[in-house]
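Read from first to last, the chains carry the letters A, B, C, D and E; within each, the first residue is number 1.
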Amino acid sequence: MIIRDKPNAFKLFFIIKGSVVPTIAPQILFSALVGLFVYFLYSNFPDWLPILTVTPFILLGVTLSIFLGFRNSASYERWWEARKLWGQLIIDTRSLARQVQTYAWAKDRSDPKPFNENNDENNDYALECKEHQKRFVLLAISFSHALRHHLRGTEYNNDVHRFLSADDSSHLKSTRHKPNFILNLMGDELRHMLQKEFIGEISARNLEERLTSLSTILAACERIHNTPLPFAYNLLLHRTAYIYCFCLPFGLVTSLGIMTPFVTAIIAYTFFGLDALGEELEDPFGTSAHDLALTTMSYNIEINLLETLNEENLPDPIQPDGFYHT
Amino acid sequence: MIIRDKPNAFKLFFIIKGSVVPTIAPQILFSALVGLFVYFLYSNFPDWLPILTVTPFILLGVTLSIFLGFRNSASYERWWEARKLWGQLIIDTRSLARQVQTYAWAKDRSDPKPFNENNDENNDYALECKEHQKRFVLLAISFSHALRHHLRGTEYNNDVHRFLSADDSSHLKSTRHKPNFILNLMGDELRHMLQKEFIGEISARNLEERLTSLSTILAACERIHNTPLPFAYNLLLHRTAYIYCFCLPFGLVTSLGIMTPFVTAIIAYTFFGLDALGEELEDPFGTSAHDLALTTMSYNIEINLLETLNEENLPDPIQPDGFYHT
Amino acid sequence: MIIRDKPNAFKLFFIIKGSVVPTIAPQILFSALVGLFVYFLYSNFPDWLPILTVTPFILLGVTLSIFLGFRNSASYERWWEARKLWGQLIIDTRSLARQVQTYAWAKDRSDPKPFNENNDENNDYALECKEHQKRFVLLAISFSHALRHHLRGTEYNNDVHRFLSADDSSHLKSTRHKPNFILNLMGDELRHMLQKEFIGEISARNLEERLTSLSTILAACERIHNTPLPFAYNLLLHRTAYIYCFCLPFGLVTSLGIMTPFVTAIIAYTFFGLDALGEELEDPFGTSAHDLALTTMSYNIEINLLETLNEENLPDPIQPDGFYHT
Amino acid sequence: MIIRDKPNAFKLFFIIKGSVVPTIAPQILFSALVGLFVYFLYSNFPDWLPILTVTPFILLGVTLSIFLGFRNSASYERWWEARKLWGQLIIDTRSLARQVQTYAWAKDRSDPKPFNENNDENNDYALECKEHQKRFVLLAISFSHALRHHLRGTEYNNDVHRFLSADDSSHLKSTRHKPNFILNLMGDELRHMLQKEFIGEISARNLEERLTSLSTILAACERIHNTPLPFAYNLLLHRTAYIYCFCLPFGLVTSLGIMTPFVTAIIAYTFFGLDALGEELEDPFGTSAHDLALTTMSYNIEINLLETLNEENLPDPIQPDGFYHT
Amino acid sequence: MIIRDKPNAFKLFFIIKGSVVPTIAPQILFSALVGLFVYFLYSNFPDWLPILTVTPFILLGVTLSIFLGFRNSASYERWWEARKLWGQLIIDTRSLARQVQTYAWAKDRSDPKPFNENNDENNDYALECKEHQKRFVLLAISFSHALRHHLRGTEYNNDVHRFLSADDSSHLKSTRHKPNFILNLMGDELRHMLQKEFIGEISARNLEERLTSLSTILAACERIHNTPLPFAYNLLLHRTAYIYCFCLPFGLVTSLGIMTPFVTAIIAYTFFGLDALGEELEDPFGTSAHDLALTTMSYNIEINLLETLNEENLPDPIQPDGFYHT
């Protein structure tokens, strides 16, 4: 997505990057040409021109505006919900990393001797527990990358595989639903920690709530990705917007004369622009200028979680390419 | 439902499949004919024509647009809530399958010998636990199909019955509220796992939360299915839209002349189209072009859950018929 | 409430049942009469008529539409929230019935002999547990009926009392807040099950969540019932709508002539209709045509819960009277 | 707040109580006087009058209506959220009273003898438990009254103090954040019940959830009370509404003549009325005609909770003063 | 943010502080100058002036208003959500302080002697528990200040560091994600309390829920701060608003004459004002006139929590500078 400051009033009119203009330039141009042609007819062959006044455009314009508003609200809510879901992913992975370190410990619970943090670190049992903690956190990083690939339809590359054991990694390749498989691996890891009594049943509820939440995020992202707005809405709005803008010159020419193409182009810009924006926000998981910066966010999760594990050599955050975050 | 890409500007005008046009073609045509008739009167017998200006249509048009907008928002929210509920169904069934494998195990909890996954698999006690796990997951698949039949009013066929024991299957036939009965079977299964101590009371809370959530999904889908928008709203909107469109030619003919039928048809298309769409989205559980793809989703649940159980010979996902997902 | 299919275009204009027309007929008629009177003045004594143009009605019409839209949204949300609360009541009572059977059992938890379902059924201890389960479920049915009477202000008849013990039934009569009293009885029942160790503290949390949810439903329904929209909104909207419709003929008569009463009536129908509908949905717990079918729903709860208890001789569902569900 | 039935069409125009008219009468009158003055100028010195048409008012009127609508929605949502919070207060205090009686009992948990309710009542230990239950419930009543005083800025009178011990009562006086102090007292009480083993750690979670919810209600009410809508919105809307209404006569006088003051007054009534209502609902915790009936609600909580404790001599509910509930 | 009472009608027009006027004064002035220039052309060289009527402005004005309304709603919701998140921060820190004192105690749970509060206070074990409680609460204060610095990009000064141990304080400086680090410190503290058995696993769930909630607040604030509305919306709205206001005089001059600059300025004030306000509310964490009073709120948290710890010498609340709260 494009993130940049508000430009000043003059520059505003010359920004192309991040604008919707390139997408809709053909339609705007076509509207203007219709306007020019209508003006030409009107100036030279006024009798040939069908009679239209501005009235139908007022009647239709209000309705069209209200429904473009409705469609844009619905699309924006999908976009914002998607962002909230990825925000929740950040929350859950961070909390999960914190919780596994708070609640999974190697100390024998029936051991009568008082707790001693240093003792705890030295024996094999404690090291095994640390190993489980780490594996659990790495699976969470792997899940974040996998979710990105799942939603964007890109290949599951090393981002995902380098945090998995060789065995899990090869299993993953033959699995149909890959992010769900990683969640099941996390469930297995949790079961092992329970069975080895590194964590009690009560504290395991905290980690379980995170896993359930990751599962919710996965399915909710799939919902937004797979279920567009009802197709007939888009069809109806596109058709009405097209008819409106292409007929508009016939209604304006008698009062506006030579200004007709100019005014038509401005109104076409507004309507087509809002229509195009509503459509682009509908599926926010792509890599276009208004889509969410999934790559940046999943690498941030990786950095946050590795830092929580006290890893050194953290990777650098993804830098935007110009104003463009992917 | 219809899922297809945005067509280009030219093709846009000739798409019928997934459009609302076939539903409202008679009304549009009738409006245009009224327009033609009014033009005929106006051209030949201007004195016979009742006097109308465009003013009442501006006054009424704004109100009608705002309330069509309100109705469409309400219908869309029902449709989207229904989709969220089925998304939640996907989440809960997946989580349930993961959780029953994480928390139900055969290991004797008081057994002092350390946990050993391989040992655990070989004895009868462990096999019995696996059996319970599997039965629980199959009941969840059965519930998903049953919910579809419940909402669509279709027959409970083998989709539902093949995942049940012969006994439960015959009980199901004589039960009034079938999906609720399957939920009660899942409750029984959970009770058996508790009583045989395959699962502890604390971990059982995780599964219980899934059952409560399935119950919530069931009743919320019933709410959307059984409680339409207040009938008087539909009546008021239909009546106003009809009166508006059929009277419109009387207001337009003096200024638009021969273009009257054309303009009337376009405005009628917009109003009737939005009205029809709002109505179609109200109950999203049918099989029309804008209804949710319940069949695809319930079969996807079946595939996901069988994969989690490590079953082989997974069925193929349902393929859309053209752009049409049921 | 009225539930009926969309009638065809012709029948649409002659439906009275479920329409808001009877409520607002006097106002519409009065507007039309004002229109007729204004036309009479205009035709015969044009000099006596105060000068009005259509402009103020356009200015006021937009504002009025937007605020009628706001009021209708708010009222509809109250209505839909009320329906959701009753949907939640259905969920909670069903879940409660399932849960009490899943988690309350007679088996001595410290008993070393393996679980045996048949043994469990035969002794007195098991029978006492069954008795508690049943009483708990019957209290939930009683609560559903009590909530209906509480919201509608009707008498607490046998619907409520036949599910209570004689003792509780007589206590209920002298209690001020009756539904809350039944909730407290359910709390007592749960305490007895806990004290007799039919249910563990952990599993009791599941039932407790249901009781808290029933308490939430009760207070939320009271909120909707007792707190109307701010009175001044209704006053302002009524006044503006009345002034608007009664003055409208003065603005229309110069351009519409004899059509004035007809157009005034249509616009009055739309404004008064939306105003009346917004007002009717405000308190959705009555028994008018647009109120919720509380009787049907509470009897459905009764049937569902008795079926879960394996009771025979279930009562039949409430049949609508025509299209009219109470 | 004012609660009264819809008056009939005639009375409607003469209601003052609960109307917003008294608040905005000066502005309406001033608008009408401007109208009269403009008409006087127009009739006598038409050349002195600045030229204005109705066009700018149409352009501005739509924008103003949409933003008044936005502001009213936002204010109404604050008002309704405030009502929901107090509804939640009712829920939580009732549930808390029920739960403390369900889960706190005097029976020694390690005692092998079967539960016997009558035994339980007679010994000192049981009486001490009852005492704790009662103190806990009285603190909840005290909190409800304290919240009202906190939000209204009124003095913490006997309503609050008579439910506290002498010691707590004197502590309260020197505390800065009084409702939070009462919550901490409830936490202390819960700790004592835990330490004396009247309640188990698991069941204490139920009470803890209530305390957390009370804390949520407190801070959410503070949020609504302390954070008005951004001041610049009010400023912008006021200014535009004032300019609009005071300039309106210049735009109307050429077409409406002597009717100008009348029409200006009606439009000013609508705009100023909606503006004033939006502003009054912003902080719903005062004692004006549209504010919430906090006194009634907190006394109802007192009655409900005392009834749950089987207290006799319940106070009577607060009666409204006319239609006016405080 | 600015908090002040509604000024009276006269003063209203002269308030600058808290108004959006200074921000948009250049654009308003420029519009008025365009208006003046157009009037000059129109009066002197009418043939040179391009022909424009008011029609395109009506068509465009409605669309622009609806989309400015949509944008303002979205921005306001972000602003209000941000305020809710900080309200939640207040709730969670208060609850956390209460809970750690309710659930963490020094009493040996297996000790058979009855609970005695005074005994409990005197031994070392009890003092160590008190120490942990206090450290936990101080970390919560530190987190509140850290969140403010994190969102405003200001330096982590003594506000944060004085509540940390010297060791943690130096660690904090070298950490990338500082607020998350403090959350991890709280997790460590909780682990120590669990390991030393000051708190049971069940009661620790209460504190864990608070930590998860703090984590949620952190990530949600980051979401609002880092993800502006899609840039293309702002671009489209700015451009349309600029074109609209700068072209408006060409449409108004024929009917309004010398009043053109005045009317243009008023309409420009409304559109540019709403546009600017929507933009300012988008990121509510700054220190401008409409941003949230984070400093006041985080110091209030400090005071509340220190009071709960029975600290004396509480700092004074932050006083606003004029009407200006930071």
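Before moving on, here are some points about what is shown:
The rule we apply is simple: a contact is a pair of C-beta atoms (placed from the backbone, for glycine too) under 8 Å apart; a residue touches a chain by one contact, two chains touch by 3 or more.
Computed from a prediction, not measured in an experiment: that's the story for all the values here.
For the pair subunit A and subunit E, the distance between C-alpha centroids works out to 24 Å. Centre-to-centre spacing of subunit C and subunit E amounts to 38 Å, using the average Cα coordinate of each chain. For subunit D, the set of residues that touch two or more other chains comprises 58, 62, 66, 69, 202, 205. Viewed as a network of touching protein chains, the structure reduces to one closed ring of chains, two contacts apiece.
The ring of touching chains, read from subunit D in the direction of subunit E, comes out as D, E, A, B, C.
Taken in their complex, subunit D has these residues touching subunit E: 27, 50-53, 55-56, 58-60, 62-64, 66-67, 69-70, 74, 175-177, 180, 183-184, 187-188, 190-192, 194-196, 201-202, 204-205, 208, 211-212, 215-216, 218-220, 222-223, 226-228, 230-236, 238-240, 242-243, 279. Listed in rising order, the residues of subunit E touching subunit D in the complex are 1-4, 6, 9, 12-13, 15, 18-20, 54, 57-58, 61-62, 65-66, 68-69, 72-73, 76, 79-80, 83-84, 87-88, 90-91, 94-95, 98-99, 101-103, 105, 107, 114-115, 117, 200, 202-203, 205-206, 209, 252, 255-259, 263, 266-267, 269-271, 273-274, 277, 280-281, 289-290, 292, 303-304, 307-308, 314, 323.
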